[in-house]
Structures are given as C-alpha cells and as structure tokens.
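Each of the next two complexes has chain A plus one other chain: chain B in the first, chain C in the second.
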Partner chain A sequence: MRRSIIPILALLLTACSPKEPADSVQTGSAPHIFPDYTDVTIPGNIAPTNFLIEEVGQDYVTVLQAGSDRVTIGGNSVRIPFRKWQKLTQSPEIKVTVYVQKEGKWNAYNPFTLTVSDDIDPYISYRIIPVAVESYEKLSIRQRNITNYKEKVIFANTMIQNNVDQTCINCHHYQNWDTDNMMFHVRHYKGGTILVLDGKLHKVNMKTDSTISAGVYPSWHPTHDYIALSNNWTHQSVHAASHDKLEVIDENNDIILYDTRTNTVSPIENDSNELECYPGWSADGRTLYYVSAHYEGEFGPGRETQLFLDRKQLHFNLYSKSFDPETRVWGPKQLLYDAVATDSSMTWPRVSPDGRWMVCCVSTHGIFPLDQIASDFVLFDLKDNTYRYIDEINSQYAESFHCWSSNGKWMLFSTRREDGVHTRLYFSHIDEQGHFSKPMALPQRDPEFNREFLNAFNIPELMKEPVHITPRQFASFISSTEATRSNYEPRKGE
Partner chain B sequence: MAKTRWIPPVVLCVLLFFISHEFIYGVEEKSLFVYDLFWLKDFLCKPSGILSCCSMFFIQFLHIPWLGTLIWIILLILSAELTRIVYRIPVSLSALAYIPAAIFVSYNMSVGYAIYLITLQGFFFIPVLGYLWALLTVVVLRKFRNPVRLAILFVIWGFAGYYVAGFYSLAGIVAACVDTMFSDRSRSCRLAALAGTVIPLLLAPVAFLGTTTYNLSNGWIIGLPEKDFGIAPLKMQFPLMLAMALAVIAPMYKFLSRLSSRKAPMIIQTAALALFIAIPSVFWFRDDTFKAESGMIHAANNQEWKEAVDIFEELQSKHADDPTWQPTRVLVLLKDLALIKTGQESERSYSFENGSRMQNNDCIVPMSFQIGKILYLNYGLPGICNRWCSEETVLFGRNYMTYKYQSIIAILFNDTNLSREYLNILKKTLFYRKWAIEQLKLCDNPGLTAQTKPYDTILQLMCYDDIITSDSEGCESFLARHFNGPKPRRATPLYDRVALFFAMDSKDSDLFWARFMAFLDSNPASTVGKYYRQAAYLFSVINKSSTLETLPFDDTTKELFSEFMEKAFKVGNVSLEEARQAFPANLRHTYYFYFYYVNELQMF
Partner chain C sequence: MTSVISDKRKGLIEKILRFTPYILAVILWCLLAFKEQYYLKKVEDLSVFLFDKLFILEWFKTPGGFLGLAGMFLTQFLHLPWLGALLWVVLLLIAYQLTVRVFNIPESYRPLALIAPVLLVIANMSLGYGVFIMREQDHFFGPLLGYLVSLVPMTVIPRIRHKWAKALFIPVWGAAGFELFGTFALIGLLVTALASLVRPQATRKERFTEFLCMVACIIFIPIFMYPAYTTYRMADSWIMGLPSISDDRWTHAMRAPIQLALLCPLILGLIQYRLQQKPLKDNKKYLTNAILYIVSVAAVWGFWFKDPNFHTELAMSDAVDSFDWKKAIRIYHDASRSQGQSFEPTRSMVMYRDLALLKTNQALDKAFTMKDGSKMQKSRTVIPMAWQSGKQIYLQYGLVNMSYRWCLEDVIEHGWSYGTLKYMVMHSVVMHEEEFARKYINKLSKTLFYRKWAKGQTALAHDSTLMASTKPYSEILPYMCFENRMTNDMVKTEGFMMRHYTEAIPTNPTPEFDRAALFWAMRIQNIQVFWSCLYDYAQTNKVEQLPRAVEEAAILYSSLEKPPFELRFSKNTTDRYNAFRRFVENNPVRDIKESSEKYYSKFGDTFFYYYYFIRDLKTY
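Let's look at the complex of A and B:
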C-alpha cells in the first residue's frame, strides 16, 4: 500500500509544480509588477522580493535564474522560497522572466534583472502611524529583520496609556547603527525622552527654563556622548482642497546639545529671528549641519496664524557649524545652501558614513517634507561642494526622512510614491560616483501588503542589530519612572 | 406555568418591529467586515479579536435591518434557551434564563448617541456571542469527570478561550467552575475545577498581553467597552458584567424549583418575566430626534437628499402642536444641505422650524464625528472631510463610511492608486461591493467624474483656491466662515447659490447684497426663489435702498412683509418660543421671522 502511495504523491506534486512554457510569444515589453522590482539593485542579504504580476491572464509562470540556479514559480502572486532565494542571491545577477497565459497562449515578457550588490545592515526600525492629524491612539515603533520578514514591536503607546491619558511616541534614533545607545521620545502621559545608554534605561526631561521645548529631532554624535536635538513648537493645519493634506509649521525652533553623561542641555543655535532645526552630524563629528529659516514675526498669540499665512516665505537654508568634541567649543555658522535665493527649503541633512555625501530633502517651502508633495532629495558632494537633485530616486510624491547604511552603500528612505498618502520604505544603492540605483520597496511576505496596510511607515533607521530591550521592559520602565530634569549650561565658543 | 415559557421569545420577536431601522443603519455603517485574510489577521492576532470579528460578520447583515435584527433575535433566543437546557432550569422558571438576553437588548438599545463614540469594534453582537461562548465553556468542561483531565482542560480551555473571547471567556471559566461546584461530581473534581480556574483567570491576560501591545491593566476586561469618550466606562461595562454574573450563578437556579412553597416558582417566574420586560423598557433609548438624525445621516451617506428632507418634515409635523419644540443643529444643518442638494433652498429653507435644542444625551458628541464628513464633503471641502475620516478611523476603527468617503475624495483628486486601494477593500465586502465596482469605473475613466453624482456638485463647490484651515470653532461656524469669506475667482453658479444661502443665514446686509449680486450674475433670474426675494426686500427696506424701486419685487413678497411687520409691532420683542405661538404659520415660515426672531442659536 505504502509503495503505491509514494509514487502517486510524487506524481501529484510534479503535476502541481509549474513549468516554464515551452512555446511562448514575446510581448516586447516589461511586465507590470507590484512592487516595481524591474531592474533594481538589491542588497545581497535582503529578504525575497516577492511581487504581484499585474497583467491580466489565466495562468502565470515566473522563472528566476542566476547562474545554474533556477526557480520556477506559478501564479500571479510570486512568493520566492527563502532557501532558493538565498542561493540565487549568491550570483551577481538574477534574471527574472514572467510568462502570462492569455487566451490559451503563453506570452513572455521582457526579462528583468535583479542586480545583487553590497549587503545592508540587517535590521531597520520605523514608527507605524495611522494617517491622521491629531489622533494618535495606536502608535508603535517596530523593528524588522530585513533579511527575512520578521517584525517585532520595540514599544507601543498602547502599552502604557489608559482610558483617559494618551501617550505619543516618536523620533527613535541610534548611535552609529548600534542599539546599545538609542533613544526615543514619549510625549504627554508618562512623558520623557527614553535613553538607552550602554544598554541601560534612562528617562529624562530635556525641557529647561531656558529652552523652548524638550528635544525633538535628534542626531547622535558618532564618537562622543552628545546628541544634537532640535527644539520645536509645532502646529499643524489642514488643506481644504489639495493633494497636500497637511501643513506643519513651527512657531519657534532652536537646536541644543545634550550631554548624555551629565544630563546637561546647552544651546547650539537659539536666535529668536531664526527657526533652526534638523541637526545632523558629519561622519567625524567635527561639523554639525542644520537648517534654518529667517523669520522676524513677533512672538505672541497671533504668531501661529501669521506663520501659517507666511508659510510660503519660510525657506530653510542649509548651514554648518564646526565643533570640537573634546572642548565642546562651536565655530561660527556657515551658509551652505541659500534656499531663499532658490525659492526652496532644505530639511533633514544626513551625511554618509564616509563623509563624502550628504542627502537633504528639498521642497518649495516649510519645514516638514513628509506632508509636501513637492519634497524631493538633493545630493551634496561634500568633496567639491556641488549638489544635484537625485532624479533617479525622486518621484511625483513626497520623498522624506532618509538614513544611510553603516557601510555607506545604501540609503533607506520614506516616500509616498505608491499612492500619495501612505508613506512606504524604499532602498537605493549609491555607487562611487554618487549615482543611486532605481529604488526598491522594502520586501514583504505578501506582495500586496503595501496596498492593504493603510498605516504609514515613519522615520526609518537602519540598525546593525536588533533592540534587545523587550517592549514590556520599556513599558514597565516608562510607567514606573519619573523623568529626570536636564540641567542647562550656556553655549561655549565662537 | 408552562404557557409563560413562550412569553419571552415572543416578546423578543415583537421587538423586531420596534427597533429603529435608523439606529440599526448607524450600527452597520460604523462597522466593517472584509472578506480578506489580511484584514482578518489584524483581528486574529489579539485577544477577543475573533469575537469582534464574528460580531462584525453579523453586523454586516444589519444593512438589511430586518435580516440583521432577525439574526440578533435568534442569537438572543438561542442564548436563553441554551441557558435553560445547559443549566437544566425547569420550564416553570424559564424566564430566568432570558434575563441576560434582556440585558443585552437594553445594552444595545440604550447606546443612543454613544454610537458615535464607542471604540469597541463590533459592540452590537459581542455580548450575545460572548455569552454563547461562556455557555459552550460550561458544556465542554462538564464532560470530564477525571480530576486530572478536568484540571488540565480547564487550564487549556481557559487560555485558548481567553484568546477567542477575552472577558467573556474568563466569565465562562468561572461559570464552569461554579457549575462543577454545584454538580454531583467528586470532591477532587471540584478541587481540580477550582485550581484549573484560578490559573487562567490570573495568568491568561498576562500571558497573552505579554506578547501583544496592550496595557496589562485592561487585560481582564478585554472584549468590554474600554474607552468611550465622555461615557464612564463602568456604565458601559456594568450591564455586561451583570449579565455574565447571571451566567455564573445560573447553576443555582435549579434549587429554586425545589423550594418548599408551591407558589415560589410561580412568583419567581412572574418576577423574572416582569424584569425581562422592564429592563429593556426602562433602558431603551427612545428619542425621535436621535431617530431622525440617524435617518438623515443614513440618507445623506447614500446621497438620498429628498429622503433626508422628508425625515425632517415628518419629525416637524409630529411636533406641530408644540410651540417649544426646536430641532437640533444636526437636523438643521443636514436639512439645509439636503435642500441645497435638491435645489429647494430658495423656496423651502425657512418653511422649517429652526433652533438649537441640545441633544438628549449624557455625553457630548462632537458634531465633527457625527456629521462632519457629510457636511465637509458635500460642501466641497474634501480635505477637511478626509481629516475627520482619518481621525474617526484612528479613534474608532475603520468602517464602511470612512472608506466610502475617502474613496470619493481620492477620486475627486484623481489619486487613482489611492482610490483603488480603498475601493478594493470595499469590493471585498458583502453590501458595498456593487458601489465599489461602480466607482472603480471612474478610476478607469477619470473624465467621467465631473458628470457623475455626487462628484459633480462637490467639484463645483471646490472652485476656491486651496486654503489651510481648521474647524476648531465647530463645523457650523467653520462652514459659515468659509462661505462668508472672499468670493473665489473661479466661483461657479452653485457656489454663488450656497454662498447666498449662508449670507442670508448670517443676516449681514452688506454680505447679502454682495452674494445676491454674484448670484444674479451667474444664475438665471428664474431661480430667485421666494426666500431670496424676501431677504432682498427686507434688506432693501432696512437700508432704505434704491433697490426697492429697481428690483422687480412681487406683490406677495411685499404684502407678506407688511403683514409680518404689522403682527411684529403687536407681538413686540419676545422670545422665539413666544413668537412661535404668536405668529401664524404663513408668517412664521418667512425669512422675516428668521431675521427678527431666530436669534442666539447655539452653534457647534
């Protein structure tokens, strides 16, 4: 009996496994697939780039070939077996051919290539946020192993907030892609900045009598125990009839330096006629880049309204400032990009680990690239102080927060290119000449994930390792610990 | 006494005819069930998510109110009859088994305005389904007589059940334990049941919530309403806790039939029957304004504007004899929008009563959550509508209406990918599939949008340059500010009509003339309805304007004004209520009456 079952099972399995069509007609065009992985460059250690074939047909076969390794997959939802994928990615190129059966005949689409390139840090973290203006009932900061599809929560606000008091969490950040030194902010109920220093938890309140707010957008110094942060006094308003849904302004901004060892805050820039924001360290930690808009409006009850009215005149220039990490002495500020002259606005400067490149978001005005459809990336070559729009990445929708991989070969960024509203994560490879590859979407097990998951991915960060502190450890610590108030110290230098 | 056995199920069936369809529509529209694994997964990964999911499965049938209600009543009768069978309650005491069902009915029917604030997705069927799960727990755990096996099963069922039904499962485990205590099983069995109950009761919430992102302090009440704005959570939770407590003590009912007095069971049955009828009667939220508001909201969601006006008219006629009656602002705003949509505002708007009566509720429902998205979309402010859809989604969960409105907005902006995302979700629902397929045709042919309802009128009202704004002052004030602001350069005839309507409401003479002239420029003279004429005449008289001679005012307008002023001199400066009593209908239903007597309306 057993002898007869085995061949029957084998026969059934063979019958079910797809075969590459022997006869097919060339369509002469590339297949429509989602996400668009046609001719992209992928990290060597990335999870399988599952995709959906968006061609109408009765049957589908996809053949992935790399050297002598060949994988054939049936159906329009192409889910690549993990072990076979690992073999395929050993080769420098994977050729993908899609066949679609229409009216009984097989059509072969032009093959596309997945170019296998440098590895990338194996983990990323991001905030999952519903697309809303004021409500933040369900926020979570999550980490994903991008060599597979495993996602875990780092911390979620639902773990501590109760029926009355709400908590916002934001701006997670790491020192040098390591999770032993990391931070994120908890706002309102049980609020404070959560710092992990050498694996130990701390909760601080960076708001002092001499600063306008607690710390907001952070940049951790690469070699010393400092974090540069912006202070923001933020408002938002809704567009009545525009593709841009939301307008964000800051009534006031400064930037501060936080010393993690002494719990001390000191101002870096706090000119009352300047709105300074988005600090970003150079690779050696001896220069701080930031943006600032000149605004002379009066402080008072009408300032918010006036700023909204003047929002199109808010052009954020790009500045740099030298810094001696040993003495904490600052040099004078230097204008790097005159946004006023170009009628644009520069935000989120991030320097590559080799110190050669800097990518910023550029838009028509304002401080918040995420909500501006016009937001694009520009690449600065810090070697010769030139810049260019990264046309190979920019889309018709908003490009926003980005970060570099630790080897400087990849950039991870958030973009609304898929539907204009929900921010998704994409990678792009940069070569020696500063050319980026066609962006590729963060692979998901279910290729339709991005179409069905109607929350946004916010502030992506690459990490060399996962966060080891569990969500419940964070929750218990945040619930039970009062934030230690930071000390204030005047700025040194100039 | 056996005859009384049929009273409770018959009463429940009769309820079918008394349940307001308008409320039922509201329950359905604020729910969502998608035939899609991705959507289901979101619920399956959390304790009591399966219960929510099952409830929302049944809620979808409320789209056809009699069908959904019938399912509900069948489940209620099933829960009661199973209680009777499971606990072997004698027929002479059968009404006791129906008391939890009565609590469930009163709980659902007492929700009222809180329907706009309930955060528990699938709240409508959750209690009865949770109760059925608890009964199943008792039945399953009763099967075992071996103490070791019984203890193990209690623990396993306790943990697994918590994942399925949260609070209701914990109540079920306790009920099974009490049932064991009052059974003829051995002492070791009773001890096993007790031990097997304590472990999941204490640890299941910790074990499951330890792997999820919920606040541990809510672990024991998962499946009950948690955070419902302005409503004390305990008020929403207590009835359900009471119903489950009755399930827990039900094993003791059988002792009641053994009471020495022969009359005792009869007295208990009568008392239980009285309770069964009294509980829903006392707590049932009956409010014709709420019913009318719900009906108008449902009509507006379906773009059935004539139906919306009819509902208002019917409510008003019910209160024709009551001079103190006022509509709520929700009713007035929906009626005004419906009149504009049907092109009747110039002929009918002031023929309806006006007012700002407070809603009959003990929680404050922000107007934005109740009708914000209807007003903003249909008045050509899709960005603000989208904002409230988003907030509603975050606070109360996704529902058919937010997807519907957000699909329309995405189509209006020609965001094809986004509209497809929303519509593909609605395509996987039972009753909104057809609508979604119709809208998908617009994604393929965006050129048709401007000729298709409701997009045509919305696009005509989107003729202003984009503004960034906030409706923090309230929906009505915000709309007035929008339409009473500077005239857009690209103003359409419809925009001029709506702006004139808002200008009349503002009673501002200068604004009225500016809007009236713009209206005359863009709309045919034949559309100058009677209330526009009345307003023009009134402002001409007040301002002693030359328009009195230049505009061709008809005799009816002039005569009515004279008649009104004559009466007004007699009546004098009185309150709205007094004026309503003093003025006959033909004078009350004029712009003149609105101008002089409808004052100090409270806007929200």
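Let's look at the complex of A and C:
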C-alpha cells in the first residue's frame, strides 16, 4: 500500500509544479518586475530576491538557472524556495527567464542575470519611522538578518513611553560593524544616549554647559574609544508648494569628540559662524571628515526664520582634519570640496574600510539630504583626490544615508526612488575601479512589501552580528537609569 | 372578575417590561441612524480596516489586537450609519441577553443586565470632541466586544465538570485570550474567579483552588508574555485593549463607564445567587424594573453629548469631504436658525462656512453678513482646528503640503484612517505624483466602501488633464498659483491662512486666488493689505459691480485712509454707510459689548459692524 502511495504522490506533485513552456514567442524585451532585479549584482549570502512580475497575463512561469541547478516557479509573485536559492547562489551567475501566457500563447522575455558576487555582512539595522513631520508616536530600531527574512526589534519607543510622555529614538551606530560597542539616542522622556561598551549598558547625557546640544550624528572611531558626534539645533518647516515637502535646517551646529571611557566631551569644531556637521572617520582613524557651511547670521529669536529664508545659500563644504588618536591632538581643517563654488551642498561623508573611497550625499543646498529630491551620491577617490557623481546609482529622487560593508565591497543606502516619498533600502557592489553595480532592493519575503509598507526605513547600518541585548533589557535599563552627565574638556592641538 | 382584570393588567405590564429593552434598542437605533449619522460617519472616517495581510498581521503584535481588528472591521459599517448603528444595537442586545443568561438573572431584577450595555452606550455617546484624539480606532465597537469576551470564562468555566479540563482551560484561555482580546480576557477570568468564591455547588477547597488558579493567571500571564512584545510598556500590560485618548485625565474619564461596565459582571457574579433566592413580589418587581429602566434612559440621555455646534461641525465636515458646498452653507444656516439668538459658531464652523462661500463665489457678498463668533469647543481640552479639520481646509485652499503635513501628524498620533488615506491620494493626485498616489490607492482598494472611489482616482492620477477638470481638483488647482516658500502654521490654521493669502506671491494669479486673498485681507482688517488685494482682485475678476461687503469695506476704509486709486460706490452702499454714520453720531459707542446688540439689530449684516464690533475672536 505504502509503495503505491509514494509514486502517486510524486505524480501529483509533479503535475502541480509548473513547467517551462515548450513553445514560446520571444518578446525581445526585458520583463517588468518589482523590485527591479534585472541584471543586478547580488551578495552571495543574500536572501532570495523574490519579485513580482508586472506583465499582464493569464499565467506565469519563471525559470532560474545556474549551472546544472534549475528552479521553475509558477505565478506572478515569484517566491524562490530558500534551499534551492542557496544552491543557485553557489554559481557566479543566475539566469532568470520569465514566461507570461497571454491569450493562450506563451511569451518569453529576454532573460536577465543575477550576478553573484562577494558576501556581505549578514545583518543590517535601521529605524522604522512614519513618513514624519514633527510628531512621533511609534518608532523602532530593528535588525534584519539579510541572509533570510528574519527581522527583530532592537528597541522601540513604545516600550517606555506612556500616553502623555513621548520618547524619540534615533541614530543607532556601531563600532566597526560589531554590536558589542554600539549606541543610539533616546530623546525627551527618559532621554539620554544609550551606549553599549563591551556588551555593557550605559546611559549618558552629552549636553554640557559648553556645548549647544547633546550628541546627534555619530561616527565611532575605528581603533580607539572615541565617538565623533555633531551637535545640532534642528528645526523643520513645510514647503508651501513643492514636491519637496519638508526642509530641515540647523540653527547651530558643532562637532564634538566623546571619550567613551572617561565620559568626556571635547569640541572638535565650534566656530559660531560655521555650521559643522556629519563627522565621519577615515579607515585608519587619523582623519576626520565633516561638512560645514559658513553662516554669519545673528543669534537670537529671528535666526531660525532667517535661516529658512537663507536656506538656498547654505552650502556645506567638505573638510578634513587630521587627528592623533593617542594624544587626541587635532590638526588644522582642510577644504576638500568647495560646495559654495559649485552651488551645491555636501553631507554624510562615509569612507570605505580600505580608505580608498568616500561617498557623500550632494544636493543643491542645505543639510538634510533625506528631504531633498535633488540629493544624489558623489564618490571621492581619496587616492587621487578626484570625485564623480555616481550616475549608476543616483535616481530621480532623494538618495540619502549610506554605509559601507565591513569588506568594503558593498554600499547599503536609503533612497526614495520607488515613489518619491517612502525611503527604502538598496545595495550596490563596488569594484576595484570604483564602479558601482545597478542597485538592488533589500529582498523581502513578500515582493510587494515595499509598495505596501507605509513606513520608511531610516539610517541603515550593516553589522557582522546581531545585537544581543534584548529589547526588554534595553527598556528596563532606559526606564530605570538616569543619564550620567558628561564632563567637558577643551580641545587639544592645532 | 377583579382578579381576571388584574391578571390581564399584570400580563400587559409583564409584556411591556419584557419588551422594554427591545423598544429602547429601537429608539437608540433611530437616534443613532438619523440624529447621529455624522458622528458615526466621523468615527468611521477616523478608523480603517484593510483586507490586507500586512495590516492584519501588524495587529497581532499587541495583546488584544484581534479584538481591535474585529472592532475596526465592524466600525467600517458605520460608513452606512443605519447599518453600523444596527450592528451596534444588535450587539448591545446580545450583551444584555448574555448577561441575563450567564448570571441567570431572575425577572424581578432583569434590568440589572442592562446596566453594562447602558454604560457602554454612555462611553461612546459622551465622547464628543474626544473622537478626534482617540488613540484606538476600534473604540466604538471594541469595548462592547470586549464585554462579550469577558463573559466567556464565566459561561464556560462553571460548566466544565472535569477538574483537569478546568485546570487546562483556565491558563489556555488566559494566554490565548490575552493575546487575542487583551485585558478583557483577564477581566473575564477575574469575574469568574470572584464568582467562584460564592458558588454554592462547589466545596470550599474547589472554590479556593479555582480562585487561586485564575488569579495567578491574571497576574503572571501578562508578565510571562511580555518578552514576546515590543509594542507597549510592562506597566500597561493589564490595560491592553482599553481605549485611550492623548490626554491622561480625559482617558480616565472616558474609560470610567467602560470600566464600570466591566465591573457589572463582577458584581452580578457575586450577588447572582442571592438574587435568585429573593424574587420580588409583583408590585415591587414592577416598581424596581420601572425605576431601573427610567434611570438607564435618564443616564444615557444625561451623558449623551448633545452640543449643537459639535454636531454642526461634523455635518459641515461631511459636506466639505464630499465637496458639497451648498450643503455646507445650508447646514450652517439651519444651525443658526434653530439656535436663534443664542447661536454663536465655533471658528471651525466659520472656516467651513467661509470655504464653502468662497468655493461658490459668495464669500465677498455674504461672509460678513452672517453671524460671526468664536464659541469655544465644549471639550475637556481644546482640539486644535489643525487636528480636526486641517487636512480638509488646507487642501481646499491649495496648500497641499500643509494638508499633507496634518494628515501625517494625524497618522502618527492616531494611525492611518480612511480619511487620511483619501487625503493622501488627493494630495498626490493634485501634485501629479503618480507612484505615490498608487500606494494609497492600492490601500483604499482593499477596503469595502472606498474601493470604487480609489479605482476612480487611478485614472486621475495617470491623466493630469482629466484630473484638472474633475472635482475636487478643478476647484483646488486655481488656488495653487503661488511661489513656494517655507511655512509653519504653529498649529493655528486660521491665522496661517490670513498670513498665507495676504503675503504669498502668486505666480500666475487666478480669479479664485485673488478672491480668497481679498477675503482674508478683509478678515485681518488691514487697510493697506486690503487696497493691494482689491487691486489684484479687480485685475483678475473683472467685475462690473464690487461685491457688497467689499464695497462696504472700501467705503469705510476710504473714510479712514485715502485709497491709492479712485473708487466709485453704488447708491445702496453710500446710503447704508451714511445711515451707519448717522447712527454712530446718535449712538456713541462707549462700550463695545453694550452697544453691539443695538448695532447688530441695525447693521449686523454689514462690514461696518464686522469692522467695529467683531473683536477678540479666539481661534485655535
């Protein structure tokens, strides 16, 4: 009896599984799929790149072939079985052919290729945030295993805030892609900067009498126990009539160095006529890159309004500053990119781990690339001090926060390319010559996820390992611990 | 013979008493369906239910999520107020019947079973302006469903004979119930635990074992299950599923009737055996029943939020949402007529009215002839107009990004709703942001009552020519003709509108934009701004005869300050102005408040009155 059931079951299964059409007409064009994975380069360890076929038809068959491995999937929502995907990604290339049945005839679209390349760090973290204006109600920092689809909350503000006292969380960051040393900020209720140092939790208040705010945008020193942070005094306003909805300005900015071992803050740049922001360390930790705009407006009640009026004159230059991590002595600042001369504005400098490349956001003006449709990426070759717009990545909408993988082969970045408003995460591979591959969307189990999801992804970071502290541990610590005030120490050097 | 009549009378009284809850239910339904239809529609507009996997799964990330989903599923039927009200009333009757059965309430005390449904009616119908700042979108049906859920353990546990089966059911219900129904499942256990203490059939040992088992579940299940969630504070574990408002004191007040309703089974559980043993004699029974019914009706009526301005605002809001300007004006007139001398509008009503008058090109004739005012909301805390109607008013005035902003603020505070999704579609369609529009159209296409509307928007998002000739876009685009600049309304819609229309630089001015600018110039009563806007108005509107209020303003301002251009006034206006001046000479104004009535009777429908007597309007 049992013997007869097995072949029957096998027959039934075979009958149900889709088959590659024997006769088909070549359309001569590539299929429309979402996300657009046609001819992209993928990390060898990435989760299956499920996609949706956006061609109208009665039936659909997709064939993925890599060497002798072949997977056939039916339906317009192409969900690739995990085990089979792992086999496919052993090969350097996966050929994907899409067939769509229209009016009874099968149409074969031009095959596209998924080029399998270097592995990437297996985890990413990001903040999930409503496409916000001023309010915040539900924010969470989450981590995702990108070799599959598992997502977990690192911490959510809903775990500590109550009906009246609200909490904002932002700017999560790690030292060298490891989670033993990490940080994020908690603002307002139960506020403070949450530091994880060698796996132990700390809560500090970096606002001192000599600094303009607590720390904001961080960059952790690659070899020493320092974090460079900006101080920001931020405002936002609504565009009355523009596709850009919001404008963010900082009334004042400085950059500070925070010593995690001594809980000491010292200024790096605090010129009152300069708006300094977005520090980013070089790979060896001996140079700090940052941006700064010259602004001589008076301090006082009208400064915010005036800054909004002058917003188009706010051009952030790119600077560097040498640093001796042993003595903490700073060198003088050096202009690397004159944004004023080019009528542009440079933000978010991030250097590749090999120290060769630096990617920044460039826009027409201002400090907040996320809300500027015009924001694009620019690549600096630090070897010969040249730069170019990364046309192979840039889209018609805002490209914003980005980070490098630990092996320097990948860049993860946030972009609004899909609909102009919701920020989504994309990867791109960089080769030895500094050419980026066509960006690929972070794979999701449901290929329609990016379209359906009404929140935005914010500040992506790659990680070698997951955060081990549980959300409950964070919540209990943040709720029960008062922030320790940081000490202030004057700058050394120059 | 006497006893036969008395028996007949008795039978009749018994029948009346038995049917009273059903008669009350019919009356309640009529009130809801025909008197509170705009309130019900607003409750629906501020909630959402999507037939969408992502949406549904999101709800299971919080204890009580299933109850929330069920509540929102039912709330969508309030789109047709008669249907939603019918569902709600039927559920109230089920709650009443179940209470009778679960606690085996004898006829003598039958109306006691009505107390919880009455309290749940009070919770909903006393909410008033709180509806705009409710955090939970299932608040209309949720507590009622929660009450029904809380009766489940009381029904099931005493009927389980086998002690091990009982011992198994209690934690399973506790854990599964907490996940699905939140605190309501635990309250059910608490009621059952207390009732078990007085259950006559059980031994003392059995009673205490059951009691302790249930109490342990109530305490420990939320603690054990907390690590599975990241959506709430540990301290809130025992109130999951209860509605809340973004104001703590209001939350307590709003929750009070719900908590009392949940307390009813607790009391009934404790006294049920006594009630069964002490049936009342007929006369006492009738009297007790009658008193309880009367008290119930009086309580509902007493707590019912009957503020006429609130109801007028809701009705006008509905008219604005359907771009029915004539209806909005009619509603305002009706409210004014029905309230007579005591009528004083809220600023929201005035804003809706003026918008409707502008859209029908009557504002410059009529806006200043209608009664103005700034009656404060009858609300525990002021709900800013931006929260209440910002997205509607800004969009209609062409301030699309401001409307977008208030949609998002609303979404962040209170979650997505049909209203915000619809407005997000309209923002993106009017801004030619097709991909963006598609996202929200896609969401609305997963609803029961908005899918048809969403389908219609798909074509408009794709075809901007078609969009430009279709309502409401055809009526919004003429107002979108100003240079971009940075703005912030500081949560004051009316003040912002005044600034925007008198300061914005039009790029390609339209008659509609200049009409609105002149209207707001008259509102701010600044003579210089008025002359400038009047000039622009004359350029684009090319009218032979200035509207009445404009002419009145012009003649008045000419007497105060020399106009920068020559003006001629109609005989009517000149006569009226001269009459006003004579009246002023004979009735000098020493105190604005004292004189305003006298002047209103003579000149209440003129700009002169508006200019001199409408002062200190408090907007919000």
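Just so we're on the same page, the second predicted complex is superposed on the first by the 485 of 494 C-alpha atoms of A that agree within 3 Å, B and C clash if a C-alpha of one lies under 4 Å from a C-alpha of the other, contacts with A are read in each partner's own complex, and residues count from 1 in each chain.
The rule is simple: contacts are C-beta pairs under 8 Å (C-beta built on N, C-alpha and C of every residue); 3 or more make two chains touch, one makes a residue touch a chain.
All figures in this text were calculated on a predicted structure; none of them were measured in a lab.
In this superposed model built on chain A, chain B and chain C take up the same space, so to speak, and clash. In the overlay built on the shared chain, the residue A:Val25 is in contact with neither chain B nor chain C.
Contacts of A:Leu335 after superposition on the shared chain: neither chain B nor chain C is touched. By the touch criterion stated above, A:Ser237 is placed in contact with chain B and with chain C alike. By the touch criterion defined above, A:Met159 lies against chain B and chain C together after alignment on the C-alpha atoms of chain A.
On chain A, the surface patch touched by chain B in one complex and by chain C in the other comprises residues 130-138, 140, 153, 156, 158-164, 237-243, 245, 247, 308, 311, 418-421, 446, 449, 451-454, 471-472. Only residues 52-54, 135, 226-227, 230-236, 244-248, 251, 398-402, 404-405, 408-409, 411-413, 416, 431, 433, 435-436, 438-439, 442-443, 480, 482-488, 500, 504 of chain C touch chain A when the two sit together in their complex. Residue ranges on chain A touching chain C, taken from their complex, read 130-138, 140, 153, 155-156, 158-164, 237-243, 245, 247, 308-309, 311, 418-422, 446, 449, 451-454, 470-472, 475, 479.
Every residue of chain B that touches chain A in the complex is listed here, in rising order: 36, 38-39, 210, 213-218, 226-227, 233, 380-384, 386-387, 390-391, 393-395, 398, 413, 415, 417-418, 420-421, 424-425, 462, 464, 466-470, 482. Per the touch definition, chain A reaches chain B in the complex via residues 130-138, 140, 153, 156, 158-164, 237-243, 245, 247, 308, 311, 418-421, 446, 448-449, 451-454, 471-472.
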